[in-house]
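Consider the two complexes below, in which chain A is the common component and chain B and chain C are the respective partners.
Showing the complex of A and B:
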């Protein structure tokens, strides 16, 4: 079998190597910080929670040169943000402070503020999580979790799924194009589109399932189910600052939740 | 304790471990690309989860659902990755768990249209219908406010619970009729009924997530329904629950129906090698031509 470069054919988000500010931090530390940011965004009431988190995430992303990636995330989140703003602007129950009147519609100030706050909270949450995968290679994350005791089966499932999705998407795109070329209507009326479920879904599903037998035999041949601990070829660094940050994040999560439960956060 | 450990280990054979990432990829790809290509108001993102649940068991199904949503939400970049999916991992886990229970009960097994099977199917339809009546009557308890505020016509009083219950049951009856009269397979009645129950459970579980995390709005076409219910004076939770009770049962019925026929189309040898495979296989005579010819 011809050898190829490691990671050849795999997308950049799978093979990306750690390097530079925040990108070289330990994956578990980044997960702990993201957890803290998510908790802060949702548990701290009013504007301070989402704004503080957004500020921290944007500053970190800028320093790690990942602002452009966050921009794509923001673009992808625009439909939901638009929906949140529109629904709350016009339909917030109990709001009685109209900005203007357009026939039966009356956007309200309280709806606008509630919508903006919900959107800020949502974006803070999305950006905090996104920053982890924008700065961490999936195999680094899995290697670190394996070192911390996550089983090889879970590692295999996550790693294989992440690698399989781009290939399956490509195949699904080919199937959609092929079925359209054969005259399948994907733009017509509801029933015509509904009739396309089986011709599109079935080849994707059966195509993917054909790999199961071969992969099972390959794993069995490599003693995948054999008992005992596996040796990890590459382990991400876990320096003292990483450990301090990680524990500080965990303690901060406990403190924020505790203060909220005790009613000290308003 | 040993029994429990063996029950858990039995669900995670190498074959199941290989099937899980395939199922996760199927969930994500069908949910992200095929759904977009067809622009239908259903999600199609739990076919893989239900497949694993039925073939492997409740824990494998639940884990597949949870991991699918976490990977889709947090490990894949936009535009495929979608952070709105992540928090619904709990819902996906419940869907996989229930699929595993249905699989262990043999509800995805093909059955011929014999007298005993037909009587069993009628009993199943009555039970599922009773559960749906109870749920919808409880969830849609205030139809007047909806009509007064949304339609602006207080003279027309439509009982929401009846309307939405009828819409869902209409889909149920159409799918059941198709299975019985066109495919000559009573087994699909059980599978579709299981899908309806799963959909109701999914709606109940996902409503508080949608309300708390997203303020009831998830950027999909169903947001219009949530907005309409809120305009009718419903609380955020009530609005998301009502929306979920309309879209989730239909989605899960169609998904279960598709999974039922996927399992029926796969070779008996392939299915039988999974932990619950024997329970998903009918007698060879009942299984239909493609499966029967394989063995």
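Showing the complex of A and C:
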């Protein structure tokens, strides 16, 4: 690879740019759009808010070829969303329009309606955030935040938080394998699986804490706490359309919240 | 110009007894000092004290004198320690910044923290990758490397800061034989090419036999044995100190114990 030869400047795999309008958008622009979508999903009353946001996120994900990733995240969110739906279906306070009766339990139409609406809001929320994650390289996000003056410690916290999930899953997998090798039954019925979580949780938590100490020293050994500005090898582009979109999103958030506070959104 | 520990006694905060006591040690630039010892003998603590990270970063109480190039380690700020000592730990996964997409950027993380010009960062990254022998890994994702490759990237990452001393805490302990061979070769190259003083804590005495000039063996926080590597690693007391001698030494001992000759040609052939 000619551009990766020593002395030829930054290699192209460092200066790379993502393709497509949304994927190549500035990370801060994507965050601003996601913030607008979250606010719209929760602040706009009734169905229009969550449905409009879900439509916008799905269309953007399709254009960015990230529908499949979004599907996986929706699947991961479904247990929480499902439980919220069930709780509202059976236990919505003040609901008095039963669909049917099962002994002491009586699902209600208003509970179903409210539960579906809340589920739609939660799906819209998680999809909006997930789309940013699916279309933005972590280092792009961190470099952009650094350029905007966020301190390196704060940036590291953001980076570590984003990377923590896959690392914890990986570590849990290693520990499950080790526990199985020592005869622990981690498969089968629900109670067998639940019992397997107890000896898994402690090593994952304590292991993560130990890692934090070692990671902190390793960072110090790499001059992480050096004073002054950090050199940025690659700064994500911030084009005119990015800036227009970002400000439009910020103004829209202010407008939606203002209209809601003023009681103009119904 | 050296790392010098003189009558060092170090106790972790809250610990009932010292982790190191009466330790005297000297590491000169261009030399490789091996450190061996059983578990809990104080090897990792020695690394932290020699590198200035204890008590500076991890706390605890240090008595005696620990100096890097004449300056007491307690007077050197944490970020400046990185310019004196590159510190490498056992687990490659905890040494990566987790904020970079390529090995090139990962190795550049330290120089970027120093605020160096981009051209200087690029020059240092290529130099470190070349010295360790992993230029071909530059475009790879640091999170998707094997253990041996990850440790080499971590080594290149500390080298890119161009420290005068490298302190390596069991860099091959989590690696398979292939990974150990990779790291061992890289360390030999680094020792020969950079002129850095290397303090290498290592259970695998084969690695020490190959690259160390002198070896120190610790027992319960004190120096139990010290001297030229060949002499220390062949000392019969080594096993009592919880250290396996190199295979060549063990074989020679077994052959002689069986009343057989140990031919010079065989010794040379094994290395």
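FYI, the second predicted complex is superposed on the first by the 190 of 266 C-alpha atoms of A that agree within 3 Å, B and C clash if a C-alpha of one lies under 4 Å from a C-alpha of the other, contacts with A are read in each partner's own complex, and residues count from 1 in each chain.
Assume contacts are C-beta pairs under 8 Å (C-beta built on N, C-alpha and C of every residue); 3 or more make two chains touch, one makes a residue touch a chain.
If you're wondering where the values come from, they're calculated on a predicted model, not measured in any experiment.
Legend: residue contacts after superposition of the two complexes on their common chain; A:137 is shown touching chain C, with no touch to chain B.
By the touch criterion defined above, A:222 lies against chain C but remains apart from chain B after alignment on the C-alpha atoms of chain A. Using the contact criterion defined above for the overlaid structures, shared-chain residue A:211 touches chain B and also reaches chain C. In the superposition on chain A, A:156 contacts both chain B and chain C.
In the superposition on chain A, the chain among chain B and chain C reaching more residues of chain A is B. Using the contact criterion defined above for the overlaid structures, shared-chain residue A:233 touches chain C, although it does not reach chain B.
On chain A, the patch touched by chain B and the patch touched by chain C overlap at residues 13, 138, 156, 159-160, 167, 211, 213, 215-216, 219-220, 224-225. Per the touch definition, chain A reaches chain C in the complex via residues 1, 4, 6-7, 9-11, 13-14, 137-139, 142, 152, 155-156, 159-160, 163, 166-167, 211, 213-234.
Note for the complex: chain B touches chain A at residues 12-15, 17-22, 24-26, 28-30, 32-34, 37-40, 44, 47, 51, 63, 67-68, 71, 73-84, 86, 152, 212-219, 223, 226-227, 230-231, 233-235, 254, 258, 262, 265-266, 270. Within the complex formed with chain A, the chain C residues making contact are 48, 51, 53, 57-58, 77-79, 81-83, 85-89, 91, 93-95, 97-102, 104-105, 108-118, 121-123, 126, 130, 135, 138-139, 143, 154, 157-158, 161. Those residues of chain A whose C-beta lies close enough to touch chain B in the complex are 13, 42, 69, 72-73, 75-77, 79-84, 86-88, 90-93, 104, 114-115, 118, 122, 125-126, 129-130, 132-134, 138, 153, 156-162, 164-165, 167-169, 172-173, 176, 186, 190, 193-194, 196-198, 200-202, 204-206, 208-209, 211-213, 215-216, 219-220, 224-225.
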